[in-house]
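Labels run A, B, C and D following the written order; every chain starts at residue 1.
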Amino acid sequence: MRLRLPMYIPRLRQALMAETRYGMAINRALADAMQADASVVLFGEDVAAPGGPFAVTRGLLAKFGPERVRDTPISEATIAGAAVGAALGGLKPVVEIMFMDFVTLAMDALVNQAAKAHFMFGGQCSVPMVVRTPHGGGLNSGPQHSQCLEAWFAHVPGLKVVVPSNPADAYALLRAAIADPDPVVFVENKTLYSIKGELADVPQPVAIGSARIARSGGDATIVAYGASVAAALKTAAALAADGIEAEVIDLRSIQPWDERTVLESVAKTRRLIVAHEAVTAFGVGAEIAARVSELAFAELAAPVLRVGADFMPVPFARSLERECLPGEADIMAAVRRSLDWKPNARIKP
Amino acid sequence: MRLRLPMYIPRLRQALMAETRYGMAINRALADAMQADASVVLFGEDVAAPGGPFAVTRGLLAKFGPERVRDTPISEATIAGAAVGAALGGLKPVVEIMFMDFVTLAMDALVNQAAKAHFMFGGQCSVPMVVRTPHGGGLNSGPQHSQCLEAWFAHVPGLKVVVPSNPADAYALLRAAIADPDPVVFVENKTLYSIKGELADVPQPVAIGSARIARSGGDATIVAYGASVAAALKTAAALAADGIEAEVIDLRSIQPWDERTVLESVAKTRRLIVAHEAVTAFGVGAEIAARVSELAFAELAAPVLRVGADFMPVPFARSLERECLPGEADIMAAVRRSLDWKPNARIKP
Amino acid sequence: MHMELSQQDLLSLYETMVLIRRSEERLSRLFADGEVPGFLHLSIGQEAVPVGICAALQAVDTVASTHRGHGHALAKGVDLRGFFAEILGREEGLCRGRGGSIHVADLRVGMLGANGIVGGGLPLALGSALAHQVRRTGGVAVAFFGDGAMAEGVLHECLNLASLWKLPLIFACENNGWSEFSPLERQFAAQLGALGHAFGIPAVQVDGSDVEAVRAAATRIIPLARRGDGPQILECKTFRWRGHYEGDPQKYRDAGDLADARSRDPLVVSGARLEATGIPAERMRTLERAVETRIEDAVEAARLGREPDYAAAAADVYTQAAAGAHG
Amino acid sequence: MHMELSQQDLLSLYETMVLIRRSEERLSRLFADGEVPGFLHLSIGQEAVPVGICAALQAVDTVASTHRGHGHALAKGVDLRGFFAEILGREEGLCRGRGGSIHVADLRVGMLGANGIVGGGLPLALGSALAHQVRRTGGVAVAFFGDGAMAEGVLHECLNLASLWKLPLIFACENNGWSEFSPLERQFAAQLGALGHAFGIPAVQVDGSDVEAVRAAATRIIPLARRGDGPQILECKTFRWRGHYEGDPQKYRDAGDLADARSRDPLVVSGARLEATGIPAERMRTLERAVETRIEDAVEAARLGREPDYAAAAADVYTQAAAGAHG
């Protein structure tokens, strides 16, 4: 239940809409879910006593005890596989894979077991589990600690994938993911952990699969998720100074993704830019671009353009990483290209 | 070097262009590569003494001995990881992952190690290894033995991905993959192993990244790879009976893929259908559709359409699997939709 | 060596073994006739392992199985009609025709599924054991796995985690000496017992062709896991009579090895034991015929079953219709 | 216990340990000053392990390292300037600034790279050992790994395969008792030696703070692997002085544990041994100053280095420009 707050009581509003960091919003979602449902358990590397490598699970061991909050050895395949078995056994495990790069060690459990059990066993059971994992660069962590691999999971029928961009969504989507009967890959961009945002005392729920219009505008649509939403919003603000109104859609869920909201926006703006931090080629943006290019073929005034990381492993050095990862300037350039696109421009192969 | 055969000596031509099965073409490529280069070694589950689960490596142990042709235990992570180390150590390992579904156990080695070493170590070294793995359904093998996961690898900078559709390409692309300094994922559709095709005594080389125009036509372009090429060709033949000439492009390589050949064809036909056996959503077709929709925006007379497996794990029962996997009828329907597309047709979200 | 079983108990074990044997023989014929789609891995010769272990289990207990899972399924009590209907790819199948032989599951009886991934059942069983522990169900989980699966890293991870967390988990190895077409000695350099020992997990080795011996060992160690002593290893030496899958000509196997395998028939071992208890031959034949009748009934029902419902399958990718589109 | 080393040999070991210690201390200051991007995992306190082992290696031998790899790199003889330039993210770095501390590699000296994936170096080293065996290089491969890595399944797979194939592979465990913020006893239920034993792999445990002891053990077992006896395990008990990474406040660690760690300083142990040989204190100071000069030179060079070349990086995703586009 959401409290509707009278806007003329700013002090109350303040109290109920405290500023919270993204990491702490996740922490609160975990605590609230564990409080509400004794079957929710947490395990992963260093999540219990140490409180998580990014301090996201801090305090939960003290609150819920060592039976429900557990440190595991460095055994990603078994962390994920045990989550499947635990989910089949009546628990709602929330497990952590410390960096998304390490899901490479847990793919069998996620793809061959978790994703398929409900379907493959004829609907006999569900697999209510959540895998939390941080993706993304920006910390100069180098090629094996910076990847965005969510497109892999979106390609696997049976998995859901969400990537919240702000504390309120992080809270609400994690609650939704834990409540969801199916396996959800919950992706957290590491650079977001410390960002602040409002989180209501009684936060509004968000359904998995529903996008959010982060800014309205009629001239072009920018679809983004995760850390790229902030870049898209900054780009839109800069464009507004030039009188161009970009609509920014925060996708929030990648699988399923909110096709309707995107298409409605494109029907209005006739221009679409998809931005994410993952490598452009064969990334999430490819599906959105392909789908919108098909369904809105007649409406589009310019080709759908994609903005993502350059085609390389995420490099270590500051200047290299900065140049590799997409930013405001790249989104801006894409919007400009879209706006400037001439109907009879012909790009030769 | 390719022999140019005078067409008026049909008997000689016969002799030099023997019919070979796809599986045997791979076998011959392995044997020829091992003969030519002592650093080529083979290992995997049941590849040596048993000759491979699909008999593809039969006879190689006898020919090249137990040092170079080895059976491994059931340890996919280590098979792939050892290939990386062996490649760094001066060998050219060709390893087998028995079903593509099991690459889920080998992702770390492929994605975090093999794909990145050349880049991440500043170009000091290369990783000349090949992972052979069969994908696809059609044998009622069920959800964990039928997946097509090539899109994952195409999304990883540093890996190359090829999917030959016929014996001659299987031979030539495997030789190219083994000769390639970088890691190549070599995908074999299981239903192709027994198909026959011509293979010259001195086969023509094929470069990774070069597509093949399998049939010429001016009315629509069908891009396909692997087992879907045959379905595309059958569709094209059926269309020809109605006076419609579809051009069929066999992509052969997924990463890199031959953008130029596809764009040239689309410039001519103005219509594109992409067909593959993998799940449509977030599949290889998404990238091709997104890219062509962008680069050929002005040329396209209809939206790029995609044909792939339905969004579900590949089901076991015959009727279910048949309905789930894409076939001629689906490609035909897509071509018809493309041809019938009206410029002002407006599909509501 | 182990406590004497009553004739009735022994007969009941024998009956389940006969059920598995005859079911698989029937499947073999159905496969030869083209009525079974896909692969078929038979466990003929290995029946005493699942039967002996499952006889020591309770309804709350759970088992995770392998690609060679018919015995585990039938011994854990899955519905026989649903079993045949599944393997024949029918809507009435336990998995509505979506899984087949290699994915037979019946969650109602704690059978968490056959598994197409070698070693895949190990962490599933571990997670199930965790659920038993946290939810205090009083149950234990059993991970069945073959000797070939011992080479997978996940065994190591599961031995370690089960030991650290003292999980009620039984590692039940069916050591038939073969991984597909390769013999154990070229596949695995360790003894499972020594491995368990390294992790502080007690291990028992038992003649997997002797259902009483398997049951006795299981009856001894399962209560230990149940009461909180932590994981236990039960290694059963057994024999695979048939090829790795139906249709496998077994060229890699010499006649001696095959003869060895057939020399230890769990049905013969137990049959002889039953005979020694003075059971009338007629009673045995009646039992066998009753089993065969049940099987024929299930086969007939499966044959008459419907084609699986495609729309229902498409709607079952997620537990409930999700918002938005998937593609 | 082990043969006496000449003063000269001992001094050379000591010198390399000083090189590692001072390099990491320097890196720590550079990190605090914001000159090192990313994470930094220091191996201060553990220097005797890589130095003792690498002293027993030949040029042809290869080592696969971990996230805590500075010691392995320097002991194996990577270029010092390239080392600092890499960690500071310069074009002149060993990896042209693309890898950083956690990916330092120098293939010319057989250093196959630090590794961001715990356990990731194990199969790499195994593959390298395979290459040594097949190509008859006469070399051995060393897999360095921490106690935390022992929980990864890949260790099990590698022990098995190395044993089956009798590979010239050294499993070199740096057991510092910590996996990030968690102590060994909550991470791993087995002893590495017992595990090795199960696979038929000989295991030696050694005081990893005593470089002579490490060298002696390495000198004994490496020739066994080299001559074809198969893999060997060398477990070195050692101490991590610093946090898991620089900036880690180590709240999870009590004062006693930290004091314990510091009580066994490999430099002090060897320094005392050297003193006992009657070496003049002046000679030691000269040596230390020479090392410091080399380090300062490398740091200065790195600081003056160029920003890495982005176009060159983009062109280096594959070994040579591939046909077609990647996206």
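Methods note: contacts are C-beta pairs under 8 Å (C-beta built on N, C-alpha and C of every residue); 3 or more make two chains touch, one makes a residue touch a chain.
Treat the numbers as computed from the prediction; the structure is a model and nothing was measured.
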Higher-contact pair (C-beta pairs counted), B-D versus B-C = B-D
Centroid comparison with chain C (C-alpha atoms), farthest chain = D
Taking each chain's centre as the mean position of its Cα atoms, how many Å separate chain B from chain D?
-> 40
Chain-centre distance (mean CA atoms) for chain C and chain D, in whole Å, is 46
Could you give the separation in Å between the centres of chain B and chain C, each centre being the mean of its C-alpha atoms?
-> 37
Mean-CA-position distance for chain B and chain A (Å) = 32
Each of the following residues of chain D touches two or more other chains, namely 95, 97-99, 103, 115-117, 120, 151-154, 157, 160-161, 164, 186-188, 313, 316-317, 326-327
Enumerate the residues of chain A that touch no fewer than two other chains.
-> 73, 75, 77-78, 101-102, 105, 108, 112, 119-120, 142-144, 157-158, 255, 259-260, 279, 281-282, 287, 291, 311-313, 315
List of chain D residues in touch with chain C within their complex = 151-157, 159-161, 163-164, 186-191, 194-195, 197-200
Per the touch rule above, chain A residues touching chain B in the complex are 77, 101-105, 107-108, 111-112, 115-116, 119-120, 142-144, 147, 149, 151-152, 154-158, 255, 259-260, 263-264, 267, 278-279, 281-287, 289-291, 293-300, 302-306, 311-313, 315, 341, 343-347, 349
Considering the complex alone, what residue numbers of chain C touch chain A?
-> 62, 64, 93-99, 103, 105-108, 112-113, 115-117, 120, 122-135, 137, 141, 153-154, 157-158, 160-161, 164-165, 313, 316-320, 322-327
Chain A residues touching chain C in their complex are 39, 41, 67-68, 70, 72-73, 75, 77-78, 80-91, 93, 108-109, 112-113, 117-126, 157-158, 160, 181-182, 207-210, 253, 255-260, 287, 291
Going by the contact rule at the top, pick out the chain D residues touching chain A in the complex.
-> 37-39, 89-90, 95, 97-100, 102-103, 115-120, 148-149, 151-153, 179-182, 186-188, 252, 307-308, 310, 313-314, 316-317, 326-327
